[in-house]
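Sending over a structure as structure tokens; questions will come in a sec.
Letters are used for the chains, namely A, B, C and D, taken in the order the chains are written, and counting of residues starts over at 1 for each.
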Amino acid sequence: MSQVLPATISPTLFAERADAIVTAAAELAAFGWTPATSSNFSMRLDNELAAITISGRDKGKLARDDIMIVDMDGKAVGTAARPSAETELHTQIYRRYPAMNVVLHTHSRTQSVASRLFSKDGVIRLEGWELQKAIAGQTTHDATLEVPVFPNTQHMPELVARVDAWLDAGKPLYAYLIDGHGIYTWGRDMPETRRHLEALEFLLGCELDLKRLGA
Amino acid sequence: MSQVLPATISPTLFAERADAIVTAAAELAAFGWTPATSSNFSMRLDNELAAITISGRDKGKLARDDIMIVDMDGKAVGTAARPSAETELHTQIYRRYPAMNVVLHTHSRTQSVASRLFSKDGVIRLEGWELQKAIAGQTTHDATLEVPVFPNTQHMPELVARVDAWLDAGKPLYAYLIDGHGIYTWGRDMPETRRHLEALEFLLGCELDLKRLGA
Amino acid sequence: MSQVLPATISPTLFAERADAIVTAAAELAAFGWTPATSSNFSMRLDNELAAITISGRDKGKLARDDIMIVDMDGKAVGTAARPSAETELHTQIYRRYPAMNVVLHTHSRTQSVASRLFSKDGVIRLEGWELQKAIAGQTTHDATLEVPVFPNTQHMPELVARVDAWLDAGKPLYAYLIDGHGIYTWGRDMPETRRHLEALEFLLGCELDLKRLGA
Amino acid sequence: MSQVLPATISPTLFAERADAIVTAAAELAAFGWTPATSSNFSMRLDNELAAITISGRDKGKLARDDIMIVDMDGKAVGTAARPSAETELHTQIYRRYPAMNVVLHTHSRTQSVASRLFSKDGVIRLEGWELQKAIAGQTTHDATLEVPVFPNTQHMPELVARVDAWLDAGKPLYAYLIDGHGIYTWGRDMPETRRHLEALEFLLGCELDLKRLGA
């Protein structure tokens, strides 16, 4: 399942992005956020192509050849490897937002439990946390951030349509949850996207803790 | 307590299986799922024999000579080492399912607590979790998986009979819990079995969290 | 953004303090207490100057050039790097207490949740814990320690004034919390300040656990 | 504060015991069970002397010269180093039980919280857990183990007397808790004592989880 590079993608560029994905995956796996080969990670290569993790691998033990290329419809390019069913959720972000270059999808226990708990509301509201400022564009704790929770489905076009409808409504928080599943978050580069992911994991955990404490 | 290899088992095969067990044990111990020398792990060698951890060792610090050979009745072969009392629960799986090659038994806090909490129901029902798809044969979150919880006993034949009765009833989920004890899970190879174990640990943890949150 | 050393600060002194901050930051990040580039750490250089972490960096991956010099008003000295908005909270301690040489500000989930839960009381009372003796000057578990919780604000002078008012009232416990944010703690040297931080994180966690248990 | 060895203790014996303590301390510190320089660890050297950790050091970073020698009254021998106030609780076990060679005292959050929660009962009862078999002499989950919880005091003779009274009453479980403090556990050698400690930490955690779940 070796990856043949399209003419438009230099070996250096692909190696750089693949290595950045492998490193991030190893760190997120060490946090326990990628259980049982779940989760997938991607980086934009250019306007037409993205690098993404091949489905079904242990995210703590990836190497460069566990990364494949897909086009913006989520179809494999230059490889017989199978992209994850959820690849379309990555390329949807790259198509909509030319400035976004990284999408991280993880599957922590906090994310899964929060998604179940708030699924009937369809949204999680975050207020009064200093760490809200870790989300791009946020400058104060004194604001309300809304993270939507979409119903899960094995039929991707349905999920893509729901995400589109929400993004069209103009409240993009760089992230959404899927019920019983996990989080999708994105950003301009890997450090920003990691910051978004860590902040949201933290804030979801805090909200669950407050609920447990009856607050 | 050195292991003498039966003529049917090549040194290469035994070393490969022993090393795979040692590596998995170290990783599962690092997760904290094998407290106080608990837990045991095995791999099939052929239709007659299996390799299994010797009882009472620290699972985070095993070496190749902490692995012994047993026959399909759970009796030691070619060694004076003592197999765990629970060895019969491993060989039961190998006898019933020729396609199954790995059995992992761990003892995490989540597993122990879940087994106590659900013991009166005799079963834990999992519904609506994306990670249910990590169990072989499952293709959607929109299904109900049942993990049985058997009463604990120090009399192994009783436990073996209960497991047989449940497996005979035809709802094999590749796993069961024992009350106040831990989980048994199995699979075709080590990656599949690790995936089953990680997914079930994760899902049991999610179910406990939802209960704590009053959901 | 290289740091030019003032004439009064020897390269050896700066390197020693910068390295001590980098080491502490890496250890506290490994505990998960610095999510999403939050938290900041400083050490006094002399009566006029302190070394402090540059804003916005991943605290688990700092190097010596992620440390900058500020004066006791929190203004950058010899560098174009931007100090954190919260730098004034560090220098406030150095100005008030000549014997204090280290300030650590972290942002653990326990600290954030405890600050929210106790913000309406404005204080967390610790009683009956042996680990209270880890705070300088405490010799028994049989005492009441009060950790104040101040409202959060993005306007630093307001927060500085609140801290001053509390310290003026004469109940300094070497620490305070900010609502929805994290903890500030200080001490004579790095080991004492680390001990204060670890003890308070532990005790806040114990208090949250007791509340969860209905005790 | 170098340690001068008494004539009866060979350098090899002291080095061996000191290294065993240093290794155990590092592993237990990595579990987070020794916050803020708390906890202390000892091993018997002979009928008159024991090796024990010097008070106030970070237990994750001990070296051989952080270990000192005390006599069976807990007095320093051959060193100006200060033994912990709690040294008498270690030597009490060595005096009473010639077969016991290791005492471990840790201070985990689970231990501290459980001690507070059960202090009014004066005892924690463990029933129905398979891991009860990790305690020396226990052969079944179908038994009741009682771990006493003593009131805390800064006056050691009072605590020594309470422990004596309990041990005299003949229900030794190789362990006790002190309210708001931590656990003491002992055994014949380091592996047995580590097994006791890990099993009790695990079982206390399970009991707290069941309480949180309303079970």
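What we mean here is this: a contact is a pair of C-beta atoms (placed from the backbone, for glycine too) under 8 Å apart; a residue touches a chain by one contact, two chains touch by 3 or more.
Predicted, not measured: the structure shown is a model, and the values here were computed from it.
S.K.: If you walk touching chains, what's the least steps from subunit A to subunit D?
M.R.: Graph distance in the chain contact network comes out at 2.
S.K.: Give me the chains shared as neighbours by subunit B and subunit D.
M.R.: Both subunit B and subunit D are touched by no common chain, going by the contact rule given at the top.
S.K.: Which chain has its C-alpha centroid farthest away from the centroid of subunit D?
M.R.: Result for max centroid distance from subunit D is chain A.
S.K.: For the sequence-identical pair subunit C and subunit D, determine the rotation angle of the Cα superposition and round it to the nearest 5 degrees.
M.R.: 90
S.K.: Report the inter-centroid distance (CA atoms only) between subunit A and subunit C in whole Å.
M.R.: It comes to 32 Å between the two C-alpha centres.
S.K.: Please work out the Cα centroid separation of subunit B and subunit C, and write it as a whole number of Å.
M.R.: Computed value for the inter-centroid distance: 46 Å.
S.K.: Mark out which residues of subunit D touch at least two other chains, giving numbers and ranges.
M.R.: 212, in rising order.
S.K.: Between which chains does touch occur?
M.R.: Listed by label, chains in contact pair as A-B, A-C, B-D, C-D.
S.K.: Under the definition above, what is the set of subunit D residues touching subunit B in their complex?
M.R.: Contacts found on subunit D: 128-131, 134, 139-142, 191, 194-196, 198-199, 201-202, 205-206, 209-210, 212-213, 215.
S.K.: Given the complex with subunit A, which residues does subunit C contribute to the contact?
M.R.: 35-38, 58, 107, 109, 112-113, 116-117, 152, 154, 178-182, 208, 211-212
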